[in-house]
Every structure is written in structure tokens, then in C-alpha cells.
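Two complexes follow with subunit A in common, the first pairing it with subunit B and the second with subunit C.
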Partner chain A sequence: MNLQLLFSGFSTGIIYSLIAMGMVLIFRSVGIMNFAQGEFLMFGGYFCYMFNRLLDLPIGLSLILASICMGFVGVVFMRTSYWPLRHAESKAIIVSAMGASIALKEGARLIWGAVPVTVDRASEGVVNIGTAVIMKQNIAIIVIAFMVMVLIYLLLEKTFIGNIMQATAQDQYMASLTGIPVIVSIGMTFAISAMITGIGGGLLAPLFFLNNTMGTTAGAKAFAAIVIGGFGSVPGAIVGGIIVGLVEAFGGAYISSTYQLVLIYVVLFIVLMLRPQGLFGEKIQEKA
Partner chain B sequence: MLKIENLVSHYKTIEALHGISLSVGSDEIVALIGSNGAGKTTLLNSISGHVTKSGLIEFNGTDISNMPAHRIARCGLLQVPEGRHVFPGLIVEENLFVGTTAITGIRLLAGNQKEKLDMVFSLFPRLEERRTQLAWSLSGGEQQMLAISRALMGNPKLLMLDEPSMGLAPKVIEELFGKIVEINRLGTPVLLVEQNAKLALSVSARAYILERGNITLEGPSEELISDERVREAYLGKRKSKNQ
Partner chain C sequence: MTRKLKAVTLLLIAMLLAFPVFAGGNSESSSDGPEPIKIGLTAVLTGDRSLEGQYSRRVIEIVEEEINGSGGVLGRPIEIVIEDSLGTDIGAVNAYRKLASDDDIVAIITPDSSNDGMAQSPSALEFRILTTAQGSSPTLRDMCNNDNPYLFQIRTCDETLCKALIDYAYEEFGPDAKYAVIHDTETSSNDQARLFTEALQAHGVEPLVTVPFTTGTKDFSSHIAIIQQSGADVIIAAAFQTEAAILIQQIRSMGIDSPILGSNGFADPVTIGLAGELCDNVYSGVQWVPETTNPKGAALAAEYQERFNEACGKSAAQVYDNINIICEAIRIAGTTDREAVRDAMSTISDYHGAITTYDCRTNGGCGLGGLLVRVTKGQAEVLGEIISEKDI
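And then the complex of A and B:
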């Protein structure tokens, strides 16, 4: 087993998990796959770049500030791309999200330019395990992403505000009958979704550089992760993301680096053939 | 308490209620009776802010006819909708906590709700046994108890129940209606919507009969129960008319 590949695959994979998890939170809340989710990753990365490189703030603080900014982006996205169309057919909302993704891509280019940029590593240097040389950034990514996931779990499952968001996702009509302002509750879900995905951008930037189109491929991989993990399942999205990252790393090294994306889809087809509902999916999820 | 005058409700271009006037006093159970499709649910959904309408709806002297649904709930006007609508993926206790939003709005933590929980658990001990169970796994009767309890957690100033007996066994219905009377005795006025006229008339002080979007009859329940038209149409005392 090649530890170096394992760590790099796992760490990029867990970033796909952050994107996929963000998509699933929105999907569970409003029943729409947000195809602009990858752009949240890219935008979050640029915010991080702005705080870290343009304003010279430390990377830890930059990640937090970038995430907060992404919360606002999530709310604005929800208010402009989803809310006005909430009673329309879902394909209208999907098209609107695609429009938003173009706006985000071009917006990033206008604000931050077209030259690829980077940010500081959250942790410098390497660790040697046997003969393997592992970048500390890879470990930092895994640790930070894991902390974000635990925080989100606690927020959604162990707090009242989390119950409110779940209740709204399960039954908007009933939520409003109990006094929940549905738009606020859904807005919070979009904010959280954009925040966790946005942090991924800041974590990924030191490894791959940021450019304004990076979100599209990352989003496609996250979508594959969701299908592999099981549509609508949060644990599925996390595991699916890691699988995609590992397939990419090992497949790239041992099979072909040009056909990484193809390999991901091959794995996806195999999983779907063996388990059509995905790894963690229930047969058909009833949305009460 | 609740005063409605000349309420007209629409679904797109279809007019479903054609000018309803109705009131509920501060301590009574008022029944709203009508057969399937008469417009009972539409009336409750109009009051709670879910159907386009015109006309006057006053609650405790405040005009609520233009308020969004969540604001109406926060005024203490709480509806237990047809079909119960428990939050299926939350456990019983979480469902109950969510009910307190009507008092306090959204906040980070639920806080100490022991007093309120004790109150609903003493009314419905079965819910205490099911406390940590997911709501979808409850029986129909238990879900109805949960839906009512969730509303009680929000300190209702008026409780609107939409066909609480629907789909329940006679024994369960009997128990449930006993509790509804008890809730009312403890000081909460109730607007009770039912297809089951006999049952609704037996627990209410006054009643309205709704037919195809119009109130066709109203009065003290005692009088309606012996009214010939009511007996014929709703109490299964059909005469030769249909034969």
C-alpha cells in the first residue's frame, strides 16, 4: 500500500466530501441538486486568497473569514436562484443554478482576475512514515474537514436550530404552522452548505492553485460521490467523496492519469450495478 | 377571540369559499362540520395563512388576514392539520421542542422545557414512553396525540384541529376526544373540524355546518343534533330521499 497516495487521495477526497455534503444538505432541504455547488468551492478559495494573500491575514483566520463570506454568498444564492422559483418545476431551478454558476465563475474572474493564485498551507512541511513522505497539508486537510463535519453533525442533530432546519426540510407547510419562518430556515441551510464547501476551496488551493473554472470539475466529481454514496445520504456523500479521491489518486498513479475522470465513472457504474441505491442509500427515500 | 367575516378563498381561479362568517369565543369548543370537499380544510388553511383570500380575519382584536403563516402561528393561533404532519425524521421529543417555536421563534438551543413536557406527557402518557422514537414509527393515534401535543408546546391561544378522528379506531377516537375536552377545560378554546358530525356535536358548545363553500346552518350543538336537516345529512338518519 502506497501511503503517500493514500494520504493525497484521502485528502482531496474529503474535499469532494465537503462539496457533496453541501449539495446533499440543500437537496434534503429543498429537493434540488445544486449544480452550482462546485462554484462555492472556487469562490471560497478566492475569498481565502483575498484574506490570506491580499490582506495578509494568517491562513487559519482567512479560512474562517472566507467561510463566513460564503455563508452570505449562500444566502444571496438562495434568495436569487432558488426562492423566486420555489413553486416552479425543479428543472427551472436547476437551470437557474447553472446560470448562477456562470455568474459566479465570471464574477470571480472580474474580481480576482484570470491568473491562477494560491494561498498558504494550513501546515507547512512533511512527515516521514517509513519510506513515505506525507505533506502536512494533506493531514491538515483531513483534520480540518473532519472537524467541520463533526461541527455540522452537532449543529444539525444536537441543537434546536438544527431540529428547525430538519423540520423545515421534512415538511415546509407544517414548519410554518409551528411558527418557523421557512425562508430563514432554508436560508440557514444554504448558508451552512456554502460555508462547508467554501472552506474546501481554501484547503485545496495550496495543492492545486485556484482558477475560476475549477469548480465545475470538482462539482462533477462531488456529484459522482453522491451517486456512489447514495442519493440524499450525508454519510454516503462523505464516504463517496473519499472513494472518488482515492480512485483518482491510485488510478492516476497505476492506471492512467489522463483518464482519472473516466475511472471515477467506471467505479460509479460498478457501484450502481451492484447496489442501485448507492452504498448508503435507502431503497426509495420517502419525503413525507 | 377569532372573528371571521365574509371570507372568500381562492385556489388560482377557483373560488372554494364563498363568503364565510364565523366566530370562536374565548373558552368554547366550536365544531365545523361538513362532508368531504365542503371546504373545511380550506377554511383552516385560509385562517392560518396558506390560501389566497379576501375578507376579515381578526384574532384577539388584531387583523391577521395579511400576515404570513409563521407570524400567525406566533400570535398563538395554532393549527393541527389534516393528516397530522408530524416531522417524520425527528424523534417525539424533538417534534415537541419544535412546537415551542411558536412562543420563542428560532434559537440555538431548546432550553429547559421540562414543565411543558410534563404537561403534555401527563395528558398523553403514551408519548412519554415513545419519547425517543422517530415520529414516523408511531401509530396513527399516537401521531395525532403528538401533533396535538406539539401545538400545545406552543401555548396556543386557540387550537384548530382538522379531522383529528380521521383513520383512527373507535376506541382511540373516544380517548382522543376526551383529551380534547380536557384541553379545552384547562382553558384553550378549540375550533374542531370534523366529518364525524355526531362526535363533533357531542363535545362542542356551538357548531357550523359547511356545504360547498357556504355556511348553511349554525347554532348551539344541542339544537343542531336534533335538527331534522342535520340528522338527515350527517347523522346517518337518511329517509326515503335517496331511494
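And then the complex of A and C:
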């Protein structure tokens, strides 16, 4: 049972990590928490459904195409929900993101309907390890999500584009003085954020099915993951997501199946008590 | 820029000029024939439960065509006015009050959720307007019977369906079968789980374990692990369609092929569409499946499928029956006076709908029956009809 819980908790957790990573990239870039990130998950899933089930393409190709589409969605989201308000107070941008979240949910319902749908699995069947039965899709989720994380690391740390994005994230004004096109850089950040979250949607769809509200709870859990891992920390988002997934699985089995969500927030509360900056966050002190 | 502004201004003026022409066109055509009889429908058009709204909107197209094509009611066409209840009790009340404030609305249909219907009940009393409730909970039934003469539950009460399913299972799986219960904690699934448990207890059987989960749960591995450890060989489950499909898929993926006795959602076309043949060996006591043996229901299911290329869901069949039964009450009353229509509703004792037969002589549990189904090879197979009688 424990092994089974470990795998399912880890695979769900790593999806929370992908969403949280996307949120952190945007947070680092523009200093705003994107409360519509869960909807990127849902939209990614629907794009995957469109390619896989409506256009009959294989699931691997569908995931890649869905991810590309999500890149465009990310850019459009940035141009409509963030860019016009970039000089406004952060509250205004947060409200704008919340509004966009509703628009994306209802937009998905208008485009793809209200009937829940699914997509093919990346890997069919189960693997028996001892008494545990583990779905191959769970293993596929872990492998693909890990590959995506490695790619994002390489992109951010080892490429010129990554350097541009990091420079813009550190200081937009200075970046613009050095000739970096800030709008392009921020647009790329939103695009990558939407792409990695969207892949999560395609991977989760065969297990949890797709409807227009699938991103809401996942987005809330990803936010908890960020707080646990530390605001602005990519490794923190990854570890935080996995912790949330594992707490959900083991807490549900051993403490309370009803209060899984509460257990996540208990862990969050404990982390905030003991380490307010999160597990990987840096301590920030204000001068007196 | 100025040229653009001019163009936009001209366009706006043109639209403003055109609008009264179109509006006038509509009113002119409506003044040609008799004024329509308006029936209000509060349904979830947006948000979490918007599938209900999709079914409702589509079936309205069918029912309006059917009734108006055969001469309407009292020689007048009917018109269904739909308001979004947003899937919340506050939204349901606001939508209801908006409809009830329109004096032309003769009767109002509540959303599918019992909670929403109960929230709308005080407004029905205040506006003194016939209100048909789509919810199936026993609490709603008691409210209809005891507290609100304007509220009629046009649905078979869950108590009847849950008991029938457990009685069947007790016979089928024998007195030694061991049961585990898993259910969503939202009100109706919680109620259904309680009714299943009470029906089991009436046979002297206690479930080995009861595992609740919160609405929106997607990963059931911990819940299923608890059931596996309990040693149960029959699983009783209560949840809505998406959670039902996920649950079935995860139970089967973990190698458990035990029979699942499920609430309405487990034999729903959406659930079967998602989980496919993994739904095999699922049993349910349901109001409706498109494979119904009811001739009127089968005709509706076929028409819906043909028109929308989609299986007819429970909400569609419910709205269909609610509209038809309200029209029947208006016919009996011979007028659209709200009080007269309400009184007429109380005289309906044997109305054959698409789902079941309705007896409205008492307000609660007007639906008398349902279907006992088993899913085989990804298809709902009707095992028998559930028929109850009313104590008048």
C-alpha cells in the first residue's frame, strides 16, 4: 500500500510542481502571482484532447502540439491581462488574472462544451511491484515531467534566451537599457510558463478527465506548494509540489480521507511557523 | 484616427437605427399570434455544473418544438425563459426571484440540485408560484410535503432508488457479502451514502468501512487503499459523474473487479463515456438512462441523440418531464393564473413522463419509479423497473 501511495502521490505531486514552476517563473519575471495558472493546466489538457481525440493524432505528438498552442495562449494572456496593467498596482494585476481565470474557464466551456472528456494515455497498463499496482501512466507522468524540468533548467541556465529572461526578471529597467526587448522577454516567460503547465494538463487528462474547472483546485494546491517551497524558488516549487502530492496521498490514507486539503494547509502552516521564507526561499529582512 | 472614429460613430448610429427595426419586427410577429405562456427554468449555465445547463438548453429546443408543434397549451405557444443559477444557492435564489418577478411567468423549475431547490423554497412561498423541484433528496421531499404547498418534487426520491438497489444486491450477492461505502461529502451524495447504509442495516448488514472524500478529489489511491485493506467484496459509492468515472477507473486499475453499487452518476452516459468498459459490473438504481424501457423516454433519447449527436443525460430528461407536467397542470387549470395552476398540479395522479409516472397528490416524491441497471460491455443494461406507491 505504501509503495502505491508513494507513486500516486509523487506523480500527482509532480504535476503540482509543473504548475507551481510556471507560477514561479511568472512571479520571478513580473513579481505577480498568476492566479489563472490552474486554467493553463485545463487549457493544455483541452488542446491535447483536440489533437488526440478530435484530430486523431498520437498522444506524444498531441502533447507537443498542445504545448506549442499553450505558448501562444501564454503570450496572449500576457498581452491582455498583464501588459496593459504593468504600471498599475499589483492588486489590479491580480484581479485581472482572476478575471482572466473566469474567462478562460467559461471560454473552454464554450469551445469544448461542458461534457467531461479524456485523452489517450502516454502509457497503457499497470506494473505490479510486490502487492502494489502502479499505473504506467503515473510512471510516464513522472518521467515526462522530470524531462520538462531538466529542459527548463537548461533553457534558463545554459542558453542566451534564458539569460535574457533572467536579466529581465532581475531588473526590467536595466535590461531595457542594455537593449533587451523587455516585452519579448516577458512574453517568452509567460509562454514557457503556460507550456509547462499545459503539458501537465495533457498528462493528467487520462487519469482525472477534463472539464473546464479542473484547474481550480490544482492551482490552489500549486500555490500551497510555492509557499511551502519558498516564493520565487524553482527548486522550491518542485519540492513543494511533491510534498503536497505525498501529504495528500499518505494523509488521506492514514489520517483523514475527508480532510486531505486541510492536511496540506496544516503542513503549509507548520512550514510557515518554522521557516517563513519556505524551504528554499531566501530570508528577506526589512531595514528598521 | 479621426477617420476611424467617424467610421465607428457611423457604425454605432447604424446599429442604433437598425435595432428598433429588428425589435419592432419581433414584437410585430409576436402580436400576430397569441402571447406565449412563459415557464421559468433556473439551471446551471456557467461554472462547475454547467453540463446541466447544456442538457437543459438542448432539451428545451425539443420540448418547445413538440408542444408548440401540436398546438401549444390552451391554444398558446409555450416559451421557456432560462436563468443562470450559477451552481450556487445564492445564484439559484437570485435567478428564481428574477423570474418570479415577471408576472407572465406561470411556473418555475428549480435546478437539479436539491440544495438549490431548498434555497428557492422561501421565494416560492413569497411569490406564491408553482415551483417544480428537480432534486431527489428526502429532505427536499419532506420540505415539499410539510412546509411549502407551492413546491413539488417532480422526481423519484433517492430513498426509493437506494433501497431498491440494496435490496437487489442483498439478493444477488447473498447475506455474507461484505460492503464498503465511499462517497462524496457534498449534500446529495452524503444523503445517498446514508440511505445505502440504512438500507443495508435494515438487512442486518453493517458496512466494514465508510470512506468519505471531498468534492473535487481526483486522486483516490488513499481511499481505495483503505477499502482494499477492509476486505470488502462489494463497493457502494455515491458521487457525481466525473468523480464516479475517476473512481471507477482507479478502482479497476488497482486490480479490484468487485461489483460497484453506485448512485445515479455511476450509470450516467457521461460516466460510461469516460470510463468505458471499466464500468462493467457497476450496478445502479437510477432515475434515467438513455437505454430506458419507457417508450416516451426512449423516443426522447433517440430524438436527442439524432439532433445533438450526444446521449441524452438525466438533466435533459428531467427538464423535459418538468415542462410537460407543468403544461399538463395549465391545461387542467384552463388558465395561466398562478394559484389555479398550483391547485391543478395537486390533482395530477397518473402522469406518464419520459422518466417515470408521476403522482402529485402529495408534493414530495411525485416520481414513482426508476430503473435498476447494470453496466455490461460499456452499455447500461436495464435489469428491471423500480416501482413505488404513494401513501395518500
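Everything that follows uses one rule, which is that the second predicted complex is superposed on the first by the 283 of 288 C-alpha atoms of A that agree within 3 Å, B and C clash if a C-alpha of one lies under 4 Å from a C-alpha of the other, contacts with A are read in each partner's own complex, and residues count from 1 in each chain.
FYI, a contact is a pair of C-beta atoms (placed from the backbone, for glycine too) under 8 Å apart; a residue touches a chain by one contact, two chains touch by 3 or more.
Please read all numbers here as calculations on a predicted model, not as lab measurements.
K.L.:
After lining both complexes up on subunit A, report clash or fit for subunit B versus subunit C.
P.N.:
fit
K.L.:
Centred on subunit A, what angle do subunit B and subunit C make, from Cα centres, as a multiple of 10°?
P.N.:
140
K.L.:
Given the touch rule stated above, what does A:T118 touch, subunit B (first), subunit C (second), both, or neither?
P.N.:
Only subunit C is touched by A:T118; subunit B is not.
K.L.:
Have a look and say if subunit B or subunit C is in touch with more residues of subunit A.
P.N.:
C
K.L.:
Tell me which partner A:P235 touches in the superposition: subunit B (first), subunit C (second), both or neither.
P.N.:
Touch status of A:P235: no partner.
K.L.:
Output check: A:Y173 vs subunit B and subunit C. Expected answer is one of first, second, both, neither. What do you get?
P.N.:
first
K.L.:
With the two complexes superposed on chain A, say which partner A:V133 touches: subunit B (first), subunit C (second), both, or neither.
P.N.:
second
K.L.:
With both complexes superposed on chain A, which partner does A:V184 reach: first (subunit B), second (subunit C), both or neither?
P.N.:
In the superposition, A:V184 contacts subunit B only.
K.L.:
Based on the superposed arrangement, let me know which partner A:G107 touches: subunit B (first), subunit C (second), both, or neither?
P.N.:
The answer is neither, since A:G107 touches no partner chain.
K.L.:
Once both structures are aligned on chain A, how many angstrom separate the closest C-alpha atoms of subunit B and subunit C?
P.N.:
Minimum over all C-alpha pairs: 19 Å.
K.L.:
If you lay the two complexes on top of each other, which residues of subunit A touch subunit B in one and subunit C in the other?
P.N.:
Subunit A residues touching both partners: none found.
K.L.:
Under the touch definition given earlier, write down the residues of subunit A that touch subunit B in their complex.
P.N.:
For this pair, the touching residues of subunit A are 159-161, 163-164, 166-167, 170-171, 173-182, 184-185, 286, 288.
K.L.:
Any idea which subunit B residues touch subunit A in the complex?
P.N.:
So the residues of subunit B touching subunit A come out as 48-50, 68-70, 73-74, 78-79, 81, 85, 87-90, 94-95, 97-99, 101-103, 105-111, 136, 150-151, 154.
K.L.:
Quick one: which bits of subunit C touch subunit A in the complex? Just the residue numbers, please.
P.N.:
Those residues of subunit C that touch subunit A are 46-48, 50-51, 53-54, 185, 211-214, 216-219, 221-223, 225-226, 228-229, 241-242, 245-246, 249-250, 253-255, 270, 273-274, 310.
K.L.:
Any idea which subunit A residues touch subunit C in the complex?
P.N.:
On the subunit A side, the touching residues are 1, 4-5, 8-9, 12, 105-106, 109, 113-118, 126, 133, 135, 204, 207-209, 211-214, 216-217, 245, 248-254, 257-261.
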